[in-house]
Every structure is written in C-alpha cells, then in structure tokens.
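Here the structure is laid out as structure tokens; the discussion comes afterwards.
Read from first to last, the chains carry the letters A, B, C, D, E and F; within each, the first residue is number 1.
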C-alpha cells in the first residue's frame, strides 16, 4: 500500500519529520511517500497562508493522482481537505481530522493542547461537527525557541496543559500541530489520558479506509470534477479538473 | 490480534452472521472471537430491551477481559458503548459508531438507510455529536418477511432510499442495522456514493486503534472502575467493578 | 395515589432517605412506596455501574407494574429513564429531569452544584436538550467523609458553589445528587436564588402528570413492547416485554 | 390555593373559556381567578400585537400581585413570560411552556399541531431551549369559520396532523392555541400518542410549583425590580417597578 | 433621507445623546429625527421594563409611520425589534443588532464589553442566531457613579475588558450599551481590535438598507398587520394594526 | 470611495456583469474597479476549484492593496473571505455574506433559491453561524442553457421556488449565485417578500463599513501577516505576507 504524506508547507524538513512519524506508525506493507509543494508559505500560521497552501497542496496531489492508494494531509490545518477528497481517486485523511476522530473513539469528550492560538483548531473542530465533544482547548504561550532553549520546562508546560484539559472533562488529549508531535510519546507515561498524534492516527485510519476499498462518489459535492475549464494552472491539476 | 465480536442480542445466528462479516473484513493476522450474551432480548428493538442488553453485554465482556486486544460491539444500537469502553482494558468500538465516523472520513455529510423507524439512529448520531453531518435518515417500511419473500423488490427499495439520501445531500450512506448488512456489497455497483457497513468499518478501525497502542485513561469518566461494591452480579463483572 | 420511589442503587439506606424526602413533599392523599433493586451496584458512580443498574431498575419496576400510579426514579443519573417510561403503564419521572424542568419553570438559565465530577450531569442536561439553559456546572471536591467530619465547612463550600453559579448567570440552582439533598433546605435562607431538590420536584410533577391522566402512546419509540422474546430474564420483566 | 388565569387578549370570552378549562383541571382546593387586560389586541395574532399585549398583561398582573399564589398566562405566545416571572411575587407559568415541558416528561420528542402558521411556536420552542426535542410542527390551513362550518372535517384534519407528527417522530403532541383546545379530549381516544393541552398542564404544574414553596431570586435577571423609575404608567405597575 | 432615532427609554437626555451620535455618523443628506416615548421606564434595566417599553416604542413609532425612511431603535435591548419591523413601512434596525452584524463583517468571532450583567446581551445574541460567533462577554462591575468619579480608572477597566475579550478569541469588540458609547472613540487608538458602536453601525446599515429600496413582505410573520382589532390603544397605533 | 469588485472566476464576462450590478447599486461618489484573477477556474462550481480560486483571488487582491478603500468578493462562494479580510488593509465583504446579513436585517428567517445543488450555500450559512435563521434552501434543476432557451419558464420556476421558501418560513429570499442575479428585480413585483442580491447588498454594506472608518485588528487571527516567509509566490502577495 502506497500512502502519500503530503505537506502543505514548503519546508522540506517538516515533510521529512512527518514522513518519519508516518513510517513509525505504518504497517509492514505500507510504503510512505513524502511530498512537499512547489510554492507557498514555508510554515502556515495565518489564514491567508492557509488559503495559498490549499492551491499548492492540490497541485502537489495532482502530480501523484493514480500512483498512491491513500493521502495523508500532513498539516494541522487539514488544508483543503474536502477539495483533496473530491479531486483524488483514493481516500484522503487530514492529520487533525484523524486525531479528532481517534479521540472520539476513545472517550466521551476530548481536549487539545497546542502552542500559540487555538482559533484554527476551534474552527476545524466546528467544521468537523464535533464542537459538542470538545471539552478543552489549551493554547500554550510557547515559541519554537522556547522548545530549543528549555525543553524540560516546555514539557512541564505541556503536561500542565494536558492535566488542565482532563480537569475540564477530556478523556483523551490531542497533541495539536507538528511542534507538539514529539511530546506525545515522551509525556504519555505521566499523562492521565491517552495522547493522540495526528500523523500516527492518520496513517492507521488511512490504512483502514484503503482496506475497506470503497468507491468514490459519482454524485454530490464530493464527486470528482468533470469538464471544468481553467486557465494558467499546472497541466496535471487542470487535467484532473477536466476529468 | 484477537478481536471480540460481542453481540448484545441473545440470538446466536446474528452473532455468527456478524462474525462472518468481521472475518471477511479482518486483516490476515486478526482472529475473530464471536460471543453471545447469557441473557436478554433475542433481538433488541425497543428502548427497554436495549437497557437490559446493556447489562448482558457488560457481563459478557467481563468474561473476556484481558483475553482480547479489542472489542467490536456487533449491535446497531452501540449498546452500552461508553460503559464497555470504561470497563474493558482494550479499545472498544461500536458498529454504528464505526460506520458514522467512516462516513465522515469520506464526505461532508452522510445519510443512513434502515428498515423500520429511525429514532434510534437519530439519537445515536446526536450522542456522537454528529447531528450537523447527517443529511438524511431514511426508514424503509420493510419487514424481515418482505426481505425473504421479495428480495429484489426490497433491494430496489433500498436503492431508492440510498438515492433519496444522496438527493438530500449525503456523500456516503450507512447501511443501518444487521438486516441491511448484505445489501451494501450487492448494491454498491449501482449506488452513486460509497455504502458503509458497520461491521467492516468496526473491524478496520479497531485494528487501527489496537495498533496505535494507547493506554486507557486513569482519570475522568472513562477511567476503569476501582473499589466499586455490588450485589448479586456475575463474579467476573463484580471483580472488574472492584478493579 | 400510589407513587413508587424506585432507587437504582442497591443500598437500602439511600432508598429510605429518598422515600422520607418524597413523603415530606407528597400531597396528603399520596402514598410513597419505596423500592430497591435485587442486584447491582451499591452506589452508582461510574458509567458501567449505571448500565448494570438500568437492568436492575427495569426488573424492579416490572414487579410493581400495574400496582402504582406513577414512578419516580430516585437516582441522580435518571437511569434507564426512557426505557422505564416505555415499559411502565403509568407516568415515570427522573429526579434530575424533574429538578431541571423545575428550574426552567423558575428562571431563564439554571446552575447545578454537586460533589465530584460534573460530566454525568452535563450529559443528562444535553440528553434532555437543555444545554442552552445551563449557565453553570459546579463540581465541588468534597467526599462523603468531608461531609461527616466538617459539615459546616462543607455547607460553606456548597454556598460558595451556589453563588458562583449565580454569578455565571443561574436564576435557580439544582442540588445535584443524594449527598447534597439535605443542603437545599438548610442553605435556602442564605441563597440568592431558589434551590431545587430532585425528589421534591419529582414527587410534585409526578402528582401533576398522574392527575392529567393521559394515555400511553401506542405508536413510536415509547409505545409499550409487544411480542418481544427474551431469555433468562426475570419472569415479570419478560412478561412486560411480551406485552 | 388561588391561581390567576391571566389572558393577554382583551376578548373576555377567551378568558372565560380558559378559566373553565382551568377549573376542570384544578385540584379541589384550587380557586381559579380569571383576568382580562384593560387594553390591547382583541386576539393576538401578529408580532406587534404580542408586544403591546405584553405591557397590558404586566399591568393586569400588577393589579393582582400579592393576592394570588400563582399565575398561569392563558395565551399561547407565553407573552411576557419572563418579565411576569420577574415582576410577580409568586410562580408564573405560560400555557405553551407548560405543554412543552409536559410533553418532554412523556416522550423523547414532541410534535405540535396548530391552525395557521407555526413560526410563533418555532420561536417559543427555541426560546425555551427545546428545539432538539421538537420532531414536527404542523400548521393546518383552517380558519375559525371552518371550525364552525365543518367541525367533523376539521377534526379529521387535526387527527391527520397528529398522525403526521407521530410519523415524523413525536411521542406526544401539543394542541397549540386556544382554538385547538377542545380537540384534545375529543380526539384522544383515536390518537396514537398523548395530546397535551396548555391550560390543563399549566394548572397542574403551577399547583406543583406553588406546593414546592420556593423563594423568588434576589440576584440575577429574575430578581424583582427595585427602585426603577417610570412615567405615565398604571400606579400599581409603577409601584412594583419601584419595589 | 429621514431616519427616526427612536429611544425606548423615557429619558430625553439619552435620546439627545443618541441623536448626537447618530448625526455624527450620518451621511450628508441624512436627517436625524429623535423621538422619546410618552410613557414607560426612565432607563430600561430589567425584563419587566423592557416589555413595557416595547409597547411605548410601538406607540411612538406609530406617530412617525410614513414620515421617515428608516428607524433606528436607540436602545441596547433591541426592544420590540421584530414587531417594529412588522409594523413600520420602512426598514428598522436595532442598535445592538447593527453592532453585532458589523462585528461579523470584520472578524470571525466577536466580543462585547458592558457595564453590569451580560444576560441581556447573551439572549440578544442567541435571538439573532449568532451564539457561535461570540467569543467573549465581559460584564464590568462599574456604576454610572464610578464613571463620573473616576473616568480614567473606568477607561482602564474597559480597556482591560477589551483585551480580555481579544484573548478569548474576539476579532472585534462591541461597546455594549449607551453608557459605554463614548469609550469607543477614546480607547480605539489603544485597542488591538476595532471597537463597534451600535448607533454609528445602525445609522450606516440603515442608510444602506434604505438605499437598497426593498419592499416589505406581504406574507409571513413580518407582513404588516391587517384588520386587527384592539381596545384602548393610541389611535395611530390602532390604525396601523387595522392596516 | 474606490471599491474593488474582485471576481474569483477567471471569466471576464462575469466580472463585467458583477461590476455593472455594483455600479447600479453604488452611491454617487463610489468608483467601481473590476478585477479578474490571472489564473484558476473559469467558473467555480466544485470544491477543488474553489480552493484554487482562493489563491488566485488573494494574488489578485495583493495587486490592489492600498489602492482601494474596500473589496467586494464577487463570487457566491465567499471564496477565501476571511483570508482576504486578514490580508487587505481595508474592509472586505463577500457577496453571499452580504445578502445573508441583509436578509437578517429584514426578517426573522430567510430562504435562498439557486440553480443546482445547495450544499455550498448550506456550508456558507453554517460558516457564518446563521443556520438557525435559514428557513429554506431551494435548489432548482435549471441549467444555463434552460435560462437561454426558456427564460419565461425559468422565471416561473424561480418564482415557485421563492414561494416555497416563504411557505417554509422565509421572510426574505436571497437570489443565490450570479446566474440568478437578474431575476431579483424582474420578479420582485410578484414576490411576497423582499428578494436580495449579493452584489447590491455587498456594495451598500461595504460603503457603510468604509464610512465607519474602523482600524484593522493588530491581534488575533485577523491581524495582518507579519514576517511570513514563502516561496514561488507572486511578489506582491509575498510582500503582503512579509508585512
């Protein structure tokens, strides 16, 4: 089974880190194919960057359409998730989506801990229809520099954030964003609830969906584009739109 | 990997049918262990029966605690789902829960077709927090006898129900209940969207959750019972409550 | 009028305490008949216990079907409420349900104060559809031992919890759970809003429903079971399922 | 116990009809005191009339403050309900509010049948926070003249409306508005679910609330007005605002 | 364009202050016509006062029907908003409504800062259907006396409240109520998000709606009253009800 | 006042039609500046196209940043609305957003009529938080060819759709999408409620917002990007991301 790990940021190092995490989670027969967009923001952290990255991601996916059995969007914003699902002839899963659904399989309500603001996650959770299952969103005031300078202090802050989410009713806590990915395995022994990582969840649920072997819809808003004309797009993307 | 396929009805034939479906979906290394409760309704179809079956199911699970890596509740009501999740030291998934989240991975909104009334499903969908993702609930006025007497006519009704759900906005349609299980594979070639079966989805997501190898919570409402006293219960169930 | 006060815990002392509270609230012509289940948890405090108690409660009710004019579920979880409503040929009210609706009759939004976690109540409130009317859930970190050792200190904590709920917008506050029952009358003189007790509310609303003398439904998910087969159940419960 | 049956329309005949229905439902010791406003619409049927009637109703209530133990708002719009609750030193219940909560005590979801448009009821249900418990709103195209000219035909339409609500998931059906009040008792024998009348429900729940003997709030938005100055108001209403 | 600035309080000074703010916001060709009700509360601050003021406001509007092109309700409760919209032959906007929609045009979620309790605003926001866009409601414990005695201290509190709303996710903050009106322009240079004033927003959106020149509905709950009989009402109001 | 009418489709003719409509609605001093993206779909009608057009639109806006006082997104999907709002130093309004808020200013609930599927609009309405105010979504099975071949027949279908929305509770109806734009003025005389056009509403509300002269946020998710690095983007867009 060939799974595309599609970053929506243009920073190759993030792609590689995600691909490594994906390989660690993948079943023996699963091949992990990392991919980075040709253009766009180095690291998505604002609304405008996320929109630009959506196009970049679709162009990237178009290069791999038909050559992979599944796609994991390795970006915490689940950038262009439903458009990717419509465009690609295989299952597509977002890493935050996967972590959210994974958490729902484990408990009644979930929490999420991240660095920086939480509005992106609030909106993602609402878009997935899961607002009533979210017990707590914890945004820690931690910068990437802090993580390098004082990793133990930052780990303590993350653990405090996890505990706060549990106190507010979370049965499982999602580690939100690539920057927090490493903390899950490190802090799990001390954490009172399971900690979920979007890449690991995404790989496993994608393997499950590929195995279910369901067809794509031919009607409705997720049916693949047919006969759509466009100008000045990447040829492979334009071809997918034409159907 | 040993997965318990736990029926909550006492009808052995239903258990076997579910186990067969589970085996068809399972990965090569997955062993399917069917189980039927000692007491309770033959076929759950009312609120009172579902409550009784909850106890029967927990007693049944208690006989297998520690001997299986995962539990699939092979009952469309997701009977006692969160209690089972609390009680058992392994992942637990409900078959309707699995189909619902599977459908959410495939499209923006889902539909569900079933025989008889839809209130059970409406309540399950609300309990999972997924009301806003439900486009259509279609309850067909079909009895088990109809299915035997006129299978082709019933199949046409099911296909009409699927099309109605799609017209109302569904990107994927869940075959609700054991009685509809066989129709998914049969009607998929003619259906305009993917058709989801709870047993197949349940087995695959359970395999994914077992592979993620996450610990159970030690705090919150899903933490296993400790020191809970009871009277006149099955010894193994009472032992699990004592912790 | 004969009202059954049905405990879902097997602790006889709790049944008696609830029956005493019910008698204090009952109208002159109302007879209070206490009842305790044959099996199940001594005190329900986890999800698994609540499921088991559901069956125990239905079995208990079956012994009294036709001999009482109304049933009050004397258990803060409203255990098996809708199943009991379906099964019994008379009105059935849950004590938390009664307190919630009572609070809605008194103010725009309500609060609830309890000992321990609040998730059970959050879920009950959501199940009753009243989430938007809940201003505040206050879970006090108080054990039964604390209540015995320092009753005045605990009373102060409860009063602080009431005030916190009012500050957060509550026009009425529910005393959640049997352990808090006594505090209502004691603290009412100092409290800025009415304090509601589930047993008192339940008895009065049940008297009202009995007086309305409405028939049970014959269609829909609350219609009594008919022709439902079961195995190894209490004979009277099995008889009710057969209809 | 003295209960005020306060109409918000100025049509005395409606007041008398409501008072008769209230007397039929009242317990032996309950005295029913009918009251009609001094000014305002003859029959409220638009938004503007309902606002005007709110003032008329509060002025009317002010004449009776301290002389009654409870107030039933005998108007299907629950006109000025929360303001009346704030102003009066006794429990206040709205007739539609009472029917809605009565229906919630009897089933999982309710329906409502009325003559004319349903938007008023949709808004009342939302204001009470009960939208998720509403299965069906049925507005019949029937005028008062129709009821006089062809009572049997209208009764059949109402029964069809009840059945439609049940088919859409209602476990109990509210007869919405004074014009439908008589149909409940008439059609109940043929109806598949209980039919609720707001006046009867209102009297019984009001008796229950009076018996609970709870104090009014002294804080929050339902605390009685104190020191509020006004101009050109009825002296008794102005006095209540001053506190 | 003639715009009526209709106060619902009887305090002339408030009307004048609102009219001044309206003139400051109005386009060159817009005439501002202030109006104060004949009766009712001097300053609405409770539920009962708001109901009385609803009638007073409709009577006031009836004096101006046909003589103005638009109406701004200069009262933070949006008193009788939809009834006014039904009654008047021109567009009607509420000042809080205008600020809320203005904030929605500027950001994903909004906050609101006010003096005293926030329940009125919570209910207004819910009535407008905008609950999911409200990030924060901040009620400051400030009296009119405080504002006079320590204006700088109060301004600091308001700024702190604004910052708290932003921290909780607000992209824009509404200055709630007449008492806060002046703080918007004063604090805007120091505030991290736009501050919205209901009078200014109301005037501009009303000018926009008047320019759109859309007809009133002739069907539905906003269609003007026709043939409605009433007793003891102001002649012009009664005439509008008759149609 | 200079307003940019930014199409997100690359079809110049649509841009011109929108610009004409905008000019018809604009105040005397308002200049309308039409703009069409350099790349992307000719006509957005699928999810994937909408994502691509988001980038195209932001690139287009970047060419005009600082040279216009306001931006109207002339695309029914409100493509990239919040990203555009974040990126541009002036107010930005979406045409569907404007029509929705305009409808909310006119009635309690609104309807929408469009050609083809309604899921896009359902999602937009939910994203704006206005689901509870939507009474009816009517998708007519009409193609652009139908409009050319049988304009009268199509007009009758649109009028039927409007009436259906009103019957389902709409007080105002939005003409959804560019294809329906012309029908509003044509059918208004026969329609029972106001018909809203997104371009006209957008121009008027944008003029209102520009006149309010509020600053952009400096904190939160709508604060302009600062210091964001990117690769292979249009220089002006990259410059805006850098801040």
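Annotations
The criterion applied here is as follows: a contact is a pair of C-beta atoms (placed from the backbone, for glycine too) under 8 Å apart; a residue touches a chain by one contact, two chains touch by 3 or more.
This structure is a prediction, so every number in the text was calculated from the model and none was measured.
Taking the definition of touch as given, a chain qualifies here only if it contacts chain C and chain E alike; those chains are A, D.
Chains touching both chain E and chain F: A, D.
Ranked by distance of CA centroids from chain C, the top chain is F. Chain B and chain C, compared by their mean Cα positions, are separated by 30 Å.
Chain B and chain E have CA centres that are 52 Å apart.
Centroids built from CA atoms put chain E at 43 Å from chain A.
Contact with two or more other chains is made by residues 82, 85, 108, 119, 132, 169, 220-222 of chain B. Listed by chain label, the pairs that touch are A-B, A-C, A-E, A-F, B-C, B-D, B-F, C-D, C-E, D-E, D-F, E-F.
On chain D, the positions that touch chain F within their shared complex are 118-119, 122-123, 126. Touching chain D in their complex are the following residues of chain E: 10, 38-43, 45-52, 54-56, 58, 80, 82-87, 117, 119-120, 127, 220-222, 225, 228-233, 237, 240-241.
Contact residues on chain E toward chain F in their complex (touch as defined above): 25, 27, 82, 85, 91, 93, 97, 101-102, 104-108, 128-133, 166, 169-172, 188, 192-196, 200-201, 204-205, 207-209, 211-212, 214-223. Per the touch definition, chain C reaches chain E in the complex via residues 108-109, 132, 169.
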